[in-house]
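First, the structure itself, so that you have it in front of you.
Note that the chains are named A, B, C and D in the order they appear, and that numbering of residues resets to 1 at the start of each chain.
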């Protein structure tokens, strides 16, 4: 008999057990292109009741390799259910993280170029009920309001990483979350900028200074108005151009809990 | 007037705001040497009520540079209170992560060498009440019971990272947490091993096979018996020598919640 | 006039100037599938004579975005020439690094699964003459001959990263370089192994122990016999399962220089 | 007899063999404090003639642990010779990389705070002759001349990493190399800045715009005038605040070769 199937007498259940950091090609739905090919890093876990000695590690890898070569993301929820079933588990968890590209148009010249973002789908299933989160890391420009106000000329600015982790009730495009973030930054980034574009983004950032606190609040305000999002964490990390450390802020909100409290 | 001190009308409080990834030399208490010098990476955050526009970023850095050049860890709790006070915040959070060295003795030859571990102190204060966590990442050997059982000779083994994050009611030595982990691994690691030591660790790991599930359960069992620890997360990541991905398991337990449920 | 085009009077030429760490989707030729989609990280540099103040950074990004969405690798050499021309440079350098997948068949059960490798194409052009290198990082199992010999049972083994950087005179499949490495390791890795496969790889590694020195020498011997490869560096890093550091070895050889010396 | 000592018949010498990524506490000479405690990562390699099967891995670790707990840097050259001797090698190579702190004074308020740098000592010995390199990674502010010139207000700026790898004939303080870099940047960084300091650094960077090309040239010019430095590589990577990629430039010079050519 399998070692993994033998009974376990320590009476300690395991919250998560599975495989971590396995890469696989995937296809992801793309608002403008239909879909795009990319490479994802997967973590796949199930729970293990106290009376089972071990899980079946090879089955996780089988699930990844069952489908055609590239895993389509429409099957992400199915994969969650499939995993729980094949592993005979009550609860399951899959994270897939991948670079995602958007073809952006420069603000003045109109030249086009791709910009890359880091995106994760995080799915959890418990007693057959799935719960989905999308996480995007959006690189933007932030320009410091204090530096601008006190200085006779110039203002320090830098690249920042804004991370939104949204629990979704309904389908949300990756592009929609990215738009919410880019709309609130001092300025958004581009791969390719011609001279008049560079003038535009320099002046736009200067005219639109934001503290790390402003960035997370303004994005939180946008997330608050979208009913498809039931909970979120928004973070901003500014890689300060005048220091060797980051400025950081985080807001976390669960709208469903808040409603319970309000009513 | 300061831009940061102006009123904010968005009515959105910020859970954490501060500085991230700033390095500073520290001194840490050491069970055998008295103390050791090392370098820590700090994250320092406070909450910000909805009616304040910004926090005072420079005060965080001031707190790090207030003390003598090396921050002593006996002052970690004080730093938490000091930070909340100087930033006029109800809640504060400090993480400091550093490499920590233990002088280990090889099992047969008795030769001595340093081994490095990654340790974090995580302090949270809320309404004046501090809560402390210690996190250690302990590298160990794991040897696969299944591979041993089915094979006529040999068994695959690998380096694993075991992470324990312990919420402590009382003082716990870093060395005590490391001992709990190393005592449950297939074998512990050493910087320096002579030939008879290498024979010993090879045979010890072979005689002591553990699945990733066994490792987290056996360490959880040890953590369960220590009353100074009120809650913990134990994780193991095995960098499988036969795959290009990791096997992973996690157990989380809050003893105080469990007691409430039991009684 | 452009700031970049003004004359420079410092009399210092720049060896490399350009863009670093820009990601773009690519298609790579695949021995079994025709081609595969993946994501590459690019570094693109040219030289700059002492009398020019600056290069034209946006042109590098233009070259990446000129082609259809995914850059085909058949156009890698063309891109090199195109870059040198558009940037009016005598010398150019492009590195593109990407995860690459091979569909592997488990040794006994025959189940199939993808395994990921890190591959780089490194192209240099100087006075119109291109020079191409392929670099592959191949994860394998290494098993220690000393540990096996001195121990009554078992032997420590671990995951190792073997890196081959080959200067090629002629077309070489990525798969060919990977085969050369996997053929010389204690055992190769797989994504998915069933029980009889796990028995096979455990015993194969045990029967085929290799020091880090053996690994690089045996691969060097294989590279020596391939006339399409004019120079190489082979490295192995073994993430020792009994230590918290790596064992490492490197052999570098330029066959053309050696011939000059020999003749 | 030892497996490692047996003869090898493949006729392939190994350029570098040893240990990689082992950490150890060290003490480094400090221009203002006498010395400072820090943590170093070591790579230690020797060559291995074609007729020896293997090196003695444990001797490398012994050398690190021979001295008192913290390795003093005055003994770095000795360690090189010692390693070559104990490993019976003609050539040896040691790299030690560590965070290094300087207590900086803010430009207007005079408040003091530590800033961290990444420093490496790289020693090579061949036939008893040692050769020493110091490498420093200095984080600075860079402000774009083009963005400033074309924009009516503001200019994009960002954190940059300048790396100098200097081959030294004579003793050079780490602080001297850092000063050369900081003196040529748009502005240097500080841990702690009060309001008038922030005004100063903002305006200084704005008044002192530099392309990535300017930065490496101006530092090269400074390195050219220092006779204690016989060769160098200077690199700058600007983490562009308007893009999601870096601008990069590199100058390499060997003064001794240049002299041969000139004369």
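Assume a contact is a pair of C-beta atoms (placed from the backbone, for glycine too) under 8 Å apart; a residue touches a chain by one contact, two chains touch by 3 or more.
On a predicted model such as this, the values are computed, not experimentally measured, just so you know.
Asker: Rotating chain B so that its CA atoms sit on those of chain C: what angle is that, to a multiple of 5 degrees?
Answerer: 180
Asker: Select the chain at the greatest separation from chain B, using centres from the mean of Cα atoms.
Answerer: C
Asker: Measure off the straight-line distance from the CA centroid of chain A to the CA centroid of chain D, and report it in whole Å.
Answerer: So the centroids are 35 Å from each other.
Asker: Report, in whole Å, the distance between the mean C-alpha point of chain A and the mean C-alpha point of chain C.
Answerer: 30
Asker: When you check chain B against every other chain, which residues touch at least two of them?
Answerer: 22, 61, 116, 146, 191, 193, 243-245, in rising order.
Asker: Residue numbers of chain A touching chain B in their complex, please.
Answerer: The touching residues are 2-4, 8, 10, 12-22, 43, 45, 48, 53-55, 57, 61, 145-146, 149, 211-214, 216-218, 220-221, 237, 244-252.
Asker: So in the complex, which bits of chain B are touching chain C?
Answerer: Where chain B meets chain C, its residues are 115-116, 139, 141, 143, 146-148, 150-159, 187, 189-191, 193, 195, 198-199, 201-203, 205-207, 239-245.
Asker: State the interface residues of chain D toward chain B in the complex, per the touch definition above.
Answerer: My answer: residues 22-25, 33, 36-39, 58, 61-62, 64-65, 69-70, 99, 101, 103, 111-114, 116, 191-194.
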